[in-house]
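Shared between the two complexes below is chain A, which pairs with chain B and chain C, respectively.
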Partner chain A sequence: MQSDNLTSASERGSSGPRVRRPLPSWVSTTALLMPTYGWLTLAVFLPLLTMLVFSFMAATPMGKAPIVLTLKQYRAFIDQPYLLGIAFTSLLIGFWTTFACAVFGFLAAVALARSTFGKTREMLLILILLPFWTNGLVRIFSWTMVLRENGFLDTIFHMVLPDAGSIGFLYTRYAVVVGLVHGYLPYMILTCYIALVTIDDAIIEAAASLGARWWTILFKILVPMAAPGLISGAVLTFIPVIGSFMEPRILGGRVGVTMGTVIEDQFTQAFNWPLGASLSFTLLAVVLAIFGTFSGVLRRGTAA
Partner chain B sequence: MTSLGRFYLIAVLVFLYTPILVMMAMGFNASPLYELPFSFSTRWYEALWNNNILLTAGMNSIIIAVITAAVATALGTMASVALSRSTFRGKSFLQIMLLPPIAIPWLITGTAMLIFFYWTGIGRGMHAIIIGHVALAIPYVVLVVGTGFRTIRADLEEAAMSLGSTPVHAFFSVTLPLLYPSILGAALFAFAVSLDQFVISYFLATPGFTTLPVQIYSSIRKGFTPEINAISTVLLLGSMTVILIFARFAKPGETRDKR
Partner chain C sequence: MTEITRRNTLKLMSGAVIAGAAFSAMPRMAVSAGKITVLNWQGYGTDEAWSIKAFAEKTGIEVVHDYYSSESEMLTKLRTNPGAYDLVVLNAARCAQATAEDLLQPIDFSKVPNATTIDANLRSNANFLKDGKGYAVPWVWGMTSLAIRDGMPVPDSYKVLADPAYKGRVAMDDDAIICVAAGALMTGQDMNNPKDLDAVRDALKSIKPNVKLLWSTEDQWNKSFAAKEFDLSLFWSGGSVRSKRNSKLPVDFVVPKEGGIGWVDGLGIPASAPNAEGALAFANWLIDPSFYFEWATKVGAPASSNSAALAALPADDLSRQVHKPEYLKTMGIMSALPDDRREAFNNLWQEVKAFYAE
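Right, the complex of A and B next:
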């Protein structure tokens, strides 16, 4: 529509005597797009291709050592069975984080859409989203002070029960999940909220006037109608969570070994880049499979 | 129902802000081991003032964020103009190609950049981090400016051209001023993305050149002191301010009303 206006305008313009004939539009379009896509090619697409090549190498190419191609990096899960357990842990952490975000986030979005109005709603939405745009590392670090023994949580707990033991659970997988939920909850609330505000109040009022209880309204009306928001929120939580490494490192301590920390180790400690690359690519395959499965829902989510 | 909902939202806010507030408070606690009872002190802020490693890293972060914001906004705005104002074959493919930098976990993108930059001799350090940050920020700029474009009526530019203005002149004198709030918002957004970016910087940093989040991460792993709380507080308040200013500028509805 816009481009139609534009072409008709330029045609009219070029017929006028004072106007120079403009360059064909593809020239300007290409010139405008080149820098961005050139940059993305250099910084993202070529690196991903190079990583694919590296994942077939026998060892990190150092100096003049000949490059040997092999498939052994992709057999890591067979050769090193402990990786299977780590992969399972990562998926489990991803699942629980996503599940907790979905339950708490959806309810928060319902509360936001149904019991707040005007300025209050605007302010609450900004307050909820603000932490999402601050440094994730710093927020994860701040949880260590709450969850550690004799930390903030313990102090509050001991005010009520002075003689009880510690309830601090830093350096457990629960701590990792709490930290990750903290990181992605605002995002889930936002996607669910966007889906929920489009639901017509009249539908809910009709259900209520016909005697539907709140849980009937929740599970029979709100959840199905807001499903696209819920699913895109879940996908966009699960994907970064299974690729996380600093959250399990800082909050999980010794039990915080995930695919993310294994990959980080291959690049920063073990210097086994080919193995790191093949594990990264396995992770990327999982990510792409998830995107492929939910692409229809995600596209509808972004179009809205 | 309404009061229950509000109570629940307050509980969510308590969950979101408790750790942040505890961390900020601990930066003013005298004990180096985060021990309670709380006794007010500014010693960690004073120590921070003399901590050249953290201050240098902080300066690096700001320089990189400014450069990233400038470059990403320029490139992203150009691309957004092309994507919003013309139709051509493969346009939707190009739009999809903006997603990988946002959607693929940074761990994967970061390690891939490390391999590629090492292999091609680009190397690591400041320039490599800037290349990475700009790539991450461009998609956000295109999205934000593209949203701004949708609030501008195309017929204003058309009117200018039918009155004898060249397309380029019409763009700079009509469209760009209308787009200005979105572009400024996009620049702030890119600045915040770069300032908070840890993963990519982590893989591309060198022992001699780090950014603030990378330096904080290594301090946490080495055993931390409340100086980290002090600098973290400064960093959090800084990015919260930038985002609040962004929210002020990038409200599409508001810009239309003001005109």
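Right, the complex of A and C next:
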């Protein structure tokens, strides 16, 4: 009907407004996406591609050194088997950090979404985020003052039990996990909170009126319904954590050797960009494989 | 009060742009008696305003600076800007690399009279020489060795790092080259080219029960040492002076019998320098005891390569106490490493760190 009108309008010529032939939809879509994708190509894709090319070189292409292509950088895990242990440690730290973030973050999000309203809720949300606006390095160094022997934690502990030994645990893997949980908790709280506020109060009231206890409500209703938030929070936490290097280096002391610090060393100290790049792409492949393996489970979680 | 409107913001921004453009377009002050361009780290001695002023008054030579932020950047600048620089500050290890690429010209030491009091061990360093000719004037030096808490027994060997008496009380410098050098010295090998890397690896691994932390910045070292987290550490000579003077930390710098792990910065003249004469005059000025005295006491400086300059410091000067000239006799100097050796050192240290973390 509408197209008939348009045809008749163009046939009438100058008497009506001129109608231009509409551009094919792909042209406008491309035009609209151009700025975004152009920028992403320039700022993300091209540098990453360069790094991928670097990872096949024998040495960092600087100065007069001739460029030699090789696959030996990708053999690092075979030539230097201790890297496997480091990779395993990194995955372990990633797992425990994500787990702790999920527990604390989910509970904090439940508290925020279910027990607060209006202004109070906004205020609490800002109070949670406020510390994370300070520089990450400062926050990690402040942890060293808390966790070290005779630090804040020890001082408070000794106020209660003056004769007990030290409970400071700086320079252990626990300290690294504490620092990382601190660093990535807001992602988990925010994603869980967004998922939780969409749950209709009526569902929970219905469950409560049918006699469900709080743990039933938590595990049978809240956790499954907020699963998308939990999962995206876990992804947002796990991936950066296994590549992190600042927290392990400062809080881990001697035991703070992870894939992140190994890669950082290759870029800053050893000046071996190809090895650093190949290690990070290997790590990327492992992460993709992990998420690929569990994608079925994850999808079921989101669907529930 | 002016409101923050779009127009006002634009006015302000365009005003700033015009002002900036006008400022940079101003002609440089004309100088009659030549000028030299120095390539160095920023704030590293050559660009002290009082010194440049006095030098210009005395010789009529104006000193202009360009800076680098890493040593590889310095080499790149030399390679890609022939004719731009008259004097360059470069580490002995990099000097060997630069002479190998013909980037420097031999030094005419007759035009650097202060060079006669330069310590012979530094002047004869193989990294500064090619075909028997010197390619850089040794300028300042420093070293990495052992730092120990005041009052504890003074160690006489790097082997003390593995001594069970220091269980959980040792900090290591998280630097592959330094740690491999320490491991080489522990096993009685050449620190620049250890033949038996397995022995180095085992020596470093044997420290494991003692290692409390690996430090990577001076600030981290100071904080942990102040918190009494360790007693014994590989540390920088200059760092120990700063820790003692600025942070009042009870630290004693010790050079054991194997010698320190040293570095030397030299003053080189690029092969294409337009004003080599002026550069030599400035090099002579920089190793003059009177310049060094001012620099070391007013600002703080590494040890001068000129033993006369070091001796001119007050006897209680911390820098002088730490950098004793006799250390130069035992000190090994880090030299240029071929790529494969550098890579082997880095992999070795990575493996040792992974072992520490187990």
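The criterion applied here is as follows: the second predicted complex is superposed on the first by the 241 of 304 C-alpha atoms of A that agree within 3 Å, B and C clash if a C-alpha of one lies under 4 Å from a C-alpha of the other, contacts with A are read in each partner's own complex, and residues count from 1 in each chain.
Note that in this section contacts are C-beta pairs under 8 Å (C-beta built on N, C-alpha and C of every residue); 3 or more make two chains touch, one makes a residue touch a chain.
Keep in mind that what you see is a predicted model, and the values were worked out from it rather than measured.
A.B. asks: State whether A:Arg249 touches chain B only (first), chain C only (second), both chains, or neither.
C.D. replies: both
A.B. asks: Go through the superposed model and pick first if A:Gly85 touches only chain B, second if only chain C, both, or neither.
C.D. replies: After superposing on A, A:Gly85 lies in contact with chain C but is clear of chain B.
A.B. asks: Just to be sure I read the superposition right, which of the two partners does A:Ala59 touch: chain B = first, chain C = second, or both, or neither?
C.D. replies: Once the two structures are laid over each other on A, A:Ala59 reaches chain C alone.
A.B. asks: Return first, second, both or neither, reflecting whether A:Leu71 touches chain B, chain C, both chains, or no partner chain.
C.D. replies: Neither: A:Leu71 stays clear of chain B and chain C.
A.B. asks: In the overlay, work out which of chain B or chain C sits against more residues of chain A.
C.D. replies: Between chain B and chain C, B touches the greater number of residues in chain A.
A.B. asks: In the overlaid three-chain picture, which partner chain does A:Asn150 touch, first (chain B) or second (chain C), both, or neither?
C.D. replies: both
A.B. asks: Could you look at A:Leu40 and tell me whether it touches chain B, chain C, both or neither (first, second, both, neither)?
C.D. replies: Only chain B; A:Leu40 stays clear of chain C.
A.B. asks: Taking the contacts chain A makes with chain B in one complex and with chain C in the other, which residues are shared?
C.D. replies: Common interface on chain A, chain B vs chain C: 144, 148, 150, 249-250.
A.B. asks: Which bits of chain A are touching chain B when the two form their complex?
C.D. replies: Against chain B, chain A makes touches at 1-3, 5-6, 8-10, 12-13, 16, 18-20, 22, 25-26, 28-29, 32-33, 35-37, 39-40, 42-48, 50-51, 54, 61, 104, 107-108, 110-112, 114-116, 124, 126-128, 130-131, 133-139, 141-146, 148, 150-152, 155, 182, 185-186, 189, 214, 236, 239-240, 242-246, 249-250, 260, 263-264, 267-268, 273, 276-277, 280, 283-284, 287, 291.
A.B. asks: Hey, which residues of chain B end up touching chain A in the complex?
C.D. replies: Of all residues in chain B, those touching chain A are 1-6, 8-9, 12-13, 15-20, 22-23, 26, 34-36, 74-76, 78-79, 81-88, 94, 97-98, 100-101, 103-109, 111-117, 119, 131-132, 134-135, 138, 142, 154-155, 157-158, 161-162, 164, 166-167, 192, 195-196, 198-199, 203, 213, 216-217, 220-221, 224, 228, 232, 235-236, 239-240, 243-244, 247.
A.B. asks: Within their complex, state which residues of chain C touch chain A.
C.D. replies: 72, 75-76, 79, 101, 175-176, 211-214, 216, 220, 223, 227-229, 339, 342-343, 346-347, 350-351, 353-358
A.B. asks: How about chain A: which of its residues touch chain C in the complex?
C.D. replies: My answer: residues 59, 62-65, 80, 82-83, 85-86, 89, 144, 148-150, 171, 249-250, 252-257, 262, 265-266, 269-272.
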